[in-house]
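The two complexes that follow have chain A in common; it is paired with chain B in the first and with chain C in the second.
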Partner chain A sequence: MLTKSSSLMRLVGELKKLPGIGERTALRLAFHLLKSPQNLTALSESLCEVRDRVHPCSTCFAITETDPCSICSGNRDSSVICVIENSQDLMALERSNAYNGMYHVLEGAISPLSGIGPADLRIGELLSRVTEGQLKEVVIATNFTVEGEATALYLTKALKSTGVKVSRLAHGIPLGSDIEFVDAATVQWALQGRNEL
Partner chain B sequence: MLQEKLQAIVLSSSDYGESDRIATLFTLEHGRIKGFARGARNSRKRFGPALETFARINLQLLRKDGLSSLKQADVITLYSGIRGELSSIAHALYACELVESITPEGHPVPRLYRLLTTYLERLDSGAGNPEDRRMFEINLLNILGYRPLLEKCSRCGADFGERGALIQSGGELACRICAATGFPMPIQALRELRSCLSTGRFGLVRFTADGILPVGRLLDDVIVSHTGRKLKSLDFLRQTSQM
Partner chain C sequence: MRLQHVAVTNFRNLSTLRFDPGGQFNLFYGPNGHGKTNLLEAIHLLGSVRSFRTVRLPELIRHGELRAQVHGAVESNGIRNELRLTLESGGRRVEIDGKAIHRASDLHGKLNTVVFSPDDSGMVRMGPETRRRYLDRAVYMGDIGYLHCWHDYQRILKQRNVLLKSTDKSGLEVWTEKLAEAGAEVIERRQKFVSILNGKLLQHYATISGHSEVCGISYRPDGIHSSEREEIKNELISLFKRHERSDERYGTTTAGPHRDDLNFLLDERPLKAFGSQGQQKSFVLSLKMAEMDNLQEIFGVSPLLLLDDMSSELDAGRNNNLMEFLIARDIQVFITTTERSPALFKAAPNCAVFRVEDGNLTFEGN
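For the complex of A and B:
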């Protein structure tokens, strides 16, 4: 009989802490792992490896195993920095193969209602990089939420005195979508930000 | 259980689980309610950007005690003018947090709904400023019945004109005879505050330079005494006003 303090229940408890995992899913995952001891060993080893080897880059704060990360130490355009909220956003931008500059991960966005202000983000480090380096442009790629917009506007003001060009990712109708199914707010923004051909 | 159609302003929302959201809404029909939007982050069709903070929306929901079930939401406006100006975002978020903190759950306050809508429209058309913020606050307190007595001393009932007014803890105003100490409140500033209550439009009342500080102090004290805490968005509001 399994008790609350048993190792299996501890595993269920730990799995439950992960986003999107409830009690039943955690239990299912735990029993699935039990069925295959090799999987369990591989999982535990990879968890330990991640804990010991993965950390934020000391320059751009993206998740990396080397310091500086491969982007900061690689042969990329160092005159442009793209500012993003987290490392997942970096992966999305890299998937596009459309950007060859550097990055700066803020580790979040300004969220006044959650008590997260500019001092809680890597904004000071960004300003140091901008003032110390030979930068031409800062591309702000924070999310298009109220928090992301607040962060973008705050950065624009904070970077104004440095004289560096500040740009923002474009937003509008997604590729491959029909205008009739796009929400009114997105259509409104797409119209406001239309380009001359 | 019947599906209802409501008008609402999103006061705040947070992610829940893999694809859901929980939103706090200020509705015209039922006041402040909390709603659970299953799959809101996946379903662009049912919600789109409708659960963004301070968005004004048309909403379909199943009303329940505690957490209502949100079925669909259509954006009336996202206030793109607010989203393009930092001080307006800071003031709009503060207004939403204030309404969320100070209103009772499930009680309709249509006058406050209209006041919040008018204030957001004002912020949408220009940058946020302290005078509009104070106008919003005194009218909010008045609608909810929390307004301090501005006409006469709250202790002896004497007219302030003869004796002068001092701000006491908790946002009470007392005359100089009833209270020995306190932050002085100019009589002109009290007149301006009363004018805020009689006009229904933002931008008509102008506070004097030496009046806005004590007015702010009085209203901040009253608000803290009713919310029981300092609002989180105030720090950001202060930071943006200094930029």
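For the complex of A and C:
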């Protein structure tokens, strides 16, 4: 019989810490892994590999296995920096294939409720990159949440003295969607931010 | 708008209950504490997800049960929708025609109800927060965009208040500006609503009271003189700046639209202090009629009226006025009383009568 301190229960406990995973799912996953020793080995190895190899880039703070990361060291337009909240956002922007500049990951957004102030984000590092480099533009691509918008405003104010051009990602009606199905608030934003043709 | 079928399961003291309401007047009578108001609350909840009583979610679920459900078939402009609200300890879920909706705003306008309960008459005498809550609810009913800016405002306010309490106040300027931005939209939308409602209110009050007093609701947001969003925002920023020191001392935002009051006026004087009991009753009734008219104009279809135990509020004269109004606009009405045939119903044709006892419902005929 398994006790609370058994290794399997420890695994269940660790799995339960993951987002979206509760007691039952954790149990199911643990028993599933137990069924196949190969899978278990592969998973444990890849976990260790990730722990040892992945770290934030010392320039842009995106997660990477090399330093500087492939984007910072690659052949890209270094006159534009796109500011994002986390590395997942970077992947989304890269998938678009529409952007060829640099990135800067803030590692979060300002949120007093979560105890995150401007000093807890990579804003100081961003400002030094802007003042040191030959920069033309900073594109702010923080989320369109209350916290992301506040962060965007903070950055705009902080960047003002540097004289660099600051822009914000456009927001409005998603591509390929019918206007009739878009919620009222988004339609309002889209109307306010309409473009002349 | 017509509610054609209602089914309630495990909601407060109601175990299972299903009925087809009449097209015009529906009377629910029975002793106090047997579930009449709970039934009105269930109908209201189905259209708005939020209760008109102040309440925590678990209280709505019948004792010992896992979930409460309210189901209703609504006919509006020739279209029939099935609405289903499920309340569980984990949260609430709404389905329209069997499909789950993800935003509360998807339910907007599907089932419009105006509630008139003793709490509404009490509104005149209560503190500002009661009238502010009424205002927010009433604005949202007819203005789908209100919810978004109101939620943003509440969220930013929370963030700013946490920051005011902490020792490191860096970023305060940003939260102040964001609060002003969202607050300006809240104020602008409230102002628009109040000005529309005022015209209608005045007209109904004149009919009901037969007097020439000038009545009105007045929304004068603290520190604001403009009615244009950009200017309101600037005025709000200066308001927040003026209160910054006291904000920091109390660790909370001490001024702004979350503290504003809605004033009820009679001949430019506060109704609370200068209006008689009768004038106050006529005022609140006119306000409710104005609300119904406003919803009818916006949606092109009349809302439902939920009248909760109003026999003490409506004398013969006001009662007749209300009946004429309801019949002229073809409004479906749900009324609770303790008596079988109150004065209210003398003038009401096509009235379906239901007896409510111990959470059970019996149809007693038309």
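Points worth noting:
As a convention for this text, the second predicted complex is superposed on the first by the 197 of 197 C-alpha atoms of A that agree within 3 Å, B and C clash if a C-alpha of one lies under 4 Å from a C-alpha of the other, contacts with A are read in each partner's own complex, and residues count from 1 in each chain.
Keep this in mind: a contact is a pair of C-beta atoms (placed from the backbone, for glycine too) under 8 Å apart; a residue touches a chain by one contact, two chains touch by 3 or more.
Remember, predicted model here, so these are calculated numbers, not experimental data.
Partners chain B and chain C, brought together by superposition on chain A, clash. When the shared chain is aligned, chain B and chain C each come close enough to touch A:P112. In the superposed model, A:L197 makes contact with neither chain B nor chain C. Put simply, more of the residues of chain A are touched by B, taking chain B and chain C as the two choices.
Looking at the shared chain after the overlay, A:A185 reaches both chain B and chain C.
Judged by the touch definition given at the top, the superposed model places A:P19 against chain B, while chain C stays out of reach. Of the two partner chains placed around the shared chain by superposition, neither chain B nor chain C is touched by A:L175. Comparing 19-27, 181-189, 271-279 or 325-333 from chain C against chain B in the aligned model shows that the clashing stretch is 181-189.
The interface of chain A with chain B overlaps its interface with chain C at residues 110, 112-113, 117-118, 146, 149-150, 153-154, 157, 183-185, 188. Listing the residues of chain A that touch chain C in their complex gives 110-113, 117-119, 146-147, 149-150, 153-154, 157, 183-185, 188.
Interface residues of chain C, counted against chain A in their complex, comprise 103, 105-106, 144-145, 147-148, 152, 155-156, 158-160, 162-163, 166, 168, 170-171, 173-175, 177-178.
The touching residues of chain A, counted against chain B in their complex, run 19-20, 22, 110, 112-115, 117-118, 145-146, 149-150, 153-154, 157-158, 181, 183-186, 188-189, 192.
Residues 12, 17-19, 44-45, 48-50, 52-54, 74-75, 77-78, 80, 83-86, 89-90, 93-94, 96-97, 232-233, 235-237, 239-240, 243 of chain B touch chain A in their complex.
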